[in-house]
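Just dropping this structure here.
As written, the chains take the letters A, B, C and D, and residue 1 is the first residue of each chain.
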Amino acid sequence: MARRASASSAGSGERVPFRRLAASLASLGREFHGRGWALGTSGNLSAVLSRNPLRLAITPTGADKGELASAAILEVNAAGRARNGSRRALPANAKSPAGTAAQASAETLLHLTVARVRGAGAVLHTHSIWGTVLSSEYARQGGIAIEGYEMLKGLAGVRTHEHREWLPILENRQDMTELARSVQHVLEKHPASHGFLLRGHGLYTWGRDLAEAKRHVEILEFLLEVLGRRLLVGSAPSVRKTSRSKSPRRSGRRKYGSGSHSR
Amino acid sequence: MARRASASSAGSGERVPFRRLAASLASLGREFHGRGWALGTSGNLSAVLSRNPLRLAITPTGADKGELASAAILEVNAAGRARNGSRRALPANAKSPAGTAAQASAETLLHLTVARVRGAGAVLHTHSIWGTVLSSEYARQGGIAIEGYEMLKGLAGVRTHEHREWLPILENRQDMTELARSVQHVLEKHPASHGFLLRGHGLYTWGRDLAEAKRHVEILEFLLEVLGRRLLVGSAPSVRKTSRSKSPRRSGRRKYGSGSHSR
Amino acid sequence: MARRASASSAGSGERVPFRRLAASLASLGREFHGRGWALGTSGNLSAVLSRNPLRLAITPTGADKGELASAAILEVNAAGRARNGSRRALPANAKSPAGTAAQASAETLLHLTVARVRGAGAVLHTHSIWGTVLSSEYARQGGIAIEGYEMLKGLAGVRTHEHREWLPILENRQDMTELARSVQHVLEKHPASHGFLLRGHGLYTWGRDLAEAKRHVEILEFLLEVLGRRLLVGSAPSVRKTSRSKSPRRSGRRKYGSGSHSR
Amino acid sequence: MARRASASSAGSGERVPFRRLAASLASLGREFHGRGWALGTSGNLSAVLSRNPLRLAITPTGADKGELASAAILEVNAAGRARNGSRRALPANAKSPAGTAAQASAETLLHLTVARVRGAGAVLHTHSIWGTVLSSEYARQGGIAIEGYEMLKGLAGVRTHEHREWLPILENRQDMTELARSVQHVLEKHPASHGFLLRGHGLYTWGRDLAEAKRHVEILEFLLEVLGRRLLVGSAPSVRKTSRSKSPRRSGRRKYGSGSHSR
């Protein structure tokens, strides 16, 4: 634990020891897999090694996060290119054929974008059931507003449960350059958001260091599940409301929360 | 296990060894985190060190409960002030900046209130999905009545499943002094209740010692989940019933249970 | 594992070594607690030590199953009385005050009844969420019929998924003598049933030995959850159907299954 | 981990060391049991030892997967017959009476069929809650179409979330020869499918090696749960739509996904 603490942030020109961050990322990746947030090689985790130039330690593509070893973590530069001469042993269960040099996460550009725009020290992408369900259910609304929950107080800068958190939902794309552009646009448009969702793909969040990013993941995944379960109970606005519907469940309101607002 | 047993209660002037209680609280905190009841630094746990004067061992604020170490547990007095000269190492992942002296849980006043009014030996606050969902869903009713379930028999003083347990729901507040006052009022108004909920925030329960408090947590969290799932199945009264609704799901009754009452 | 195998059954006059059965019961108790099937001191597990006279090894009352130790397992005779001179150390977190001699499970008479009527070698009572929800939801129907699921093939004597399993639901009672009488009546009335439910209380099942009983628990708890989730999806007959209801969800049929029957 | 990697595939005449595959299969079986995918002796796992002649390492019938040991794994030939003279010790908790020679999984013929038709290196059958629920709910439609989810990209040969995966649902049968015939027919009819469901029975999937098959299990089980939860939320087409129903939830469309299609 002491190690993780000291290996958790990078000042302007400072380099954080790669080995410690790699160990933390691998450990967290295995934990996320165990929690169902990074199954089937999904999800990715990164931490900033240095800010100028921007360099990240990041999980490899196609790796089983349940078996993630420190040796599999890669170092990438601001353009997303893995370090030359890195002799990382890729876990034998990666999607790329055995023997190929390990490649950084396919979503490296997104991590770099978030790290740059938000000045984050760590960026985490979880691919959970509820993140997938809600990012699909609320895609048309363009985002999810969450307010009234005490859990929101754990987000950096938030002091009260009456905070209104807006989680934008972006359309998923395979063109990473395009997607990174969308992400940058959304981050600049919503400077207060602590995360965003990719439709049918899951959650991205970050923090000043790995510990804060992890805390944000726990908080947002928790709140997504609360919303998902409340959707089933009927208190959240129906996703399929139409103007003709006279159902008492129609609310017309986009935001929902624990209840500082009467409903 | 032997240690936890002997370190679980404090008589009138007796002091319970701090170290054992701290170890028990840290262990239980990690267990609750693993169960999803204390994610993102939420939740708090305390145990009484002495009754006159009232002193508690309590979890620190902003700590990742999954990494909670005995060394992080604090001692507070009846006013909620942490002991002078305590050199507790705060886990590096706490919300307060590294280097700050550790602070006791933000909800310390609530723990003191419960310990005093109920004469409890331990007070536990879990922040679960179902506690959050149901405290939000039933906030307007002011509480949840649970009856007919065998699990109720595990609550102190309860001998039959035909017991009617009332869990009051309080509005959540950030002003701890105000909130502690609400809590005291509710505890005095409902002397038989084994717990209460804070809206959108979760469950508080207690026991004569840590073991009994833990048993109460397991029982009440279990029952909250049963109710939540039955809500979805439609047997519990609809939360959003209106006078116009002719839906067969409307029952008009506030209490629900396994079925000593016909429905 | 070898031990559990040999310690799992008792012939007519044969005594099975107590120590091995106690270790297996304690281990299984802890596992059930970890699975959420024996929370808050609920649930109980027994295995037959000898058949003539009938003697069981059984879990104590009021014990935290998550901390269950072999030393806490008791031996009872056909009348349910614990052995004289047993110096079992009761885990410090039991419901009875510290220092009291350990007492056998409050439901010992039910275990004895099942062991006698079914000739079972082990009897297991789990107190799960889904067992509690469905035993409450279907109480008025007096039972649950399950058919069409491959999982049914794991039940002793069942060779096909087209098997129709009937799980009777009994009203819960605190008078154990009365309840044992009900249990005996139901077991004699439904000789093919592999288990029964106590309303709002959970599942009882058994097997020729602990391994078979455990397999039956896994199968029946699995099927209860499948039914519970299908209830939410709407394919199972509505619990609250009335004769007036014209809802398309009304089916009038009591049995439900995967689909050897058109619906 | 290194072992599993090298023990994961078999070329044309090559024999893969049995011991390593057996260890991997046993380990994976225990993991699947822990995840709730192989409870009550359900589920089965196999890996190809050699292709010409076709020989598999496969789990035994009636074994508690939670206790699965390498020594219990059997070797079978292309006709499904276990190797002569194999002295595998069957775990004491198997369904067949103690002392009987271990038998290969009852579904061996299905594994052989998949290995042959798909040229797979490993075949895995999980028996999960959601696999059971959805294979029952969508049986009449003959299959489930899944599209729009990023998780689909983890399937071999899939490059985009806009992929449309069709999971056929076959009627369950006890006659293995008949069932194997159905499986072969379905595999030939749907060459792009990465898996299929047996009604009320669960999922079959495969891969070029054990790691890929495991990845496919994680992906498909994840997607089945996403669909199941979305069914509850109402976005997936109702299973019980009838021509008379005017419910706004009726969609008439068979496919559903995250949303490349408007709904």
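Going forward, a contact is a pair of C-beta atoms (placed from the backbone, for glycine too) under 8 Å apart; a residue touches a chain by one contact, two chains touch by 3 or more.
As the structure is a computational prediction, the values presented were derived from the model and not from experiment.
Novice: In the chain contact graph, what is the shortest path length, in steps, from subunit B to subunit D?
Specialist: 2
Novice: For the Cα fit of subunit A against subunit C, please give the angle of the superposing rotation, nearest 5 degrees.
Specialist: Superposing the C-alpha atoms of subunit A on subunit C needs a rotation of 180 degrees.
Novice: At the subunit B/subunit C interface, shared numbers over all numbers used: above half (same) or below half (different)?
Specialist: different
Novice: For subunit A and subunit C, let me know how many angstrom lie between their CA-based centres, rounded off.
Specialist: 43
Novice: Compute the distance, rounded to whole Å, between the mean C-alpha positions of subunit C and subunit D.
Specialist: Using C-alpha averages as centres, the distance is 30 Å.
Novice: Give me the residue numbers in subunit B that touch at least two other chains, ranges are fine.
Specialist: If we look for residues of subunit B contacting two or more partner chains, we find 232.
Novice: What topology does the chain touch graph have (line, ring, star, complete, other)?
Specialist: Graph shape here is a ring: one loop, exactly two partners per chain.
Novice: Would you please name all pairs of chains that touch?
Specialist: In this structure, the chains touch in these pairs: A-B, A-D, B-C, C-D.
Novice: Residues of subunit A touching subunit B in their complex?
Specialist: 1-2, 4-6, 8, 148-151, 154, 159-161, 211-212, 214-216, 218-219, 222, 225-226, 229-230, 232-235, 248-249, 257-259, 263
Novice: List the residues on subunit D that touch subunit C in their complex, please.
Specialist: Residue positions touching the partner: 36, 39-42, 64, 67, 69, 91-93, 95, 98, 127, 129-130, 132-133, 135-137, 139-140, 172, 174, 198-202, 228, 231-232, 238-240, 242, 244-245.
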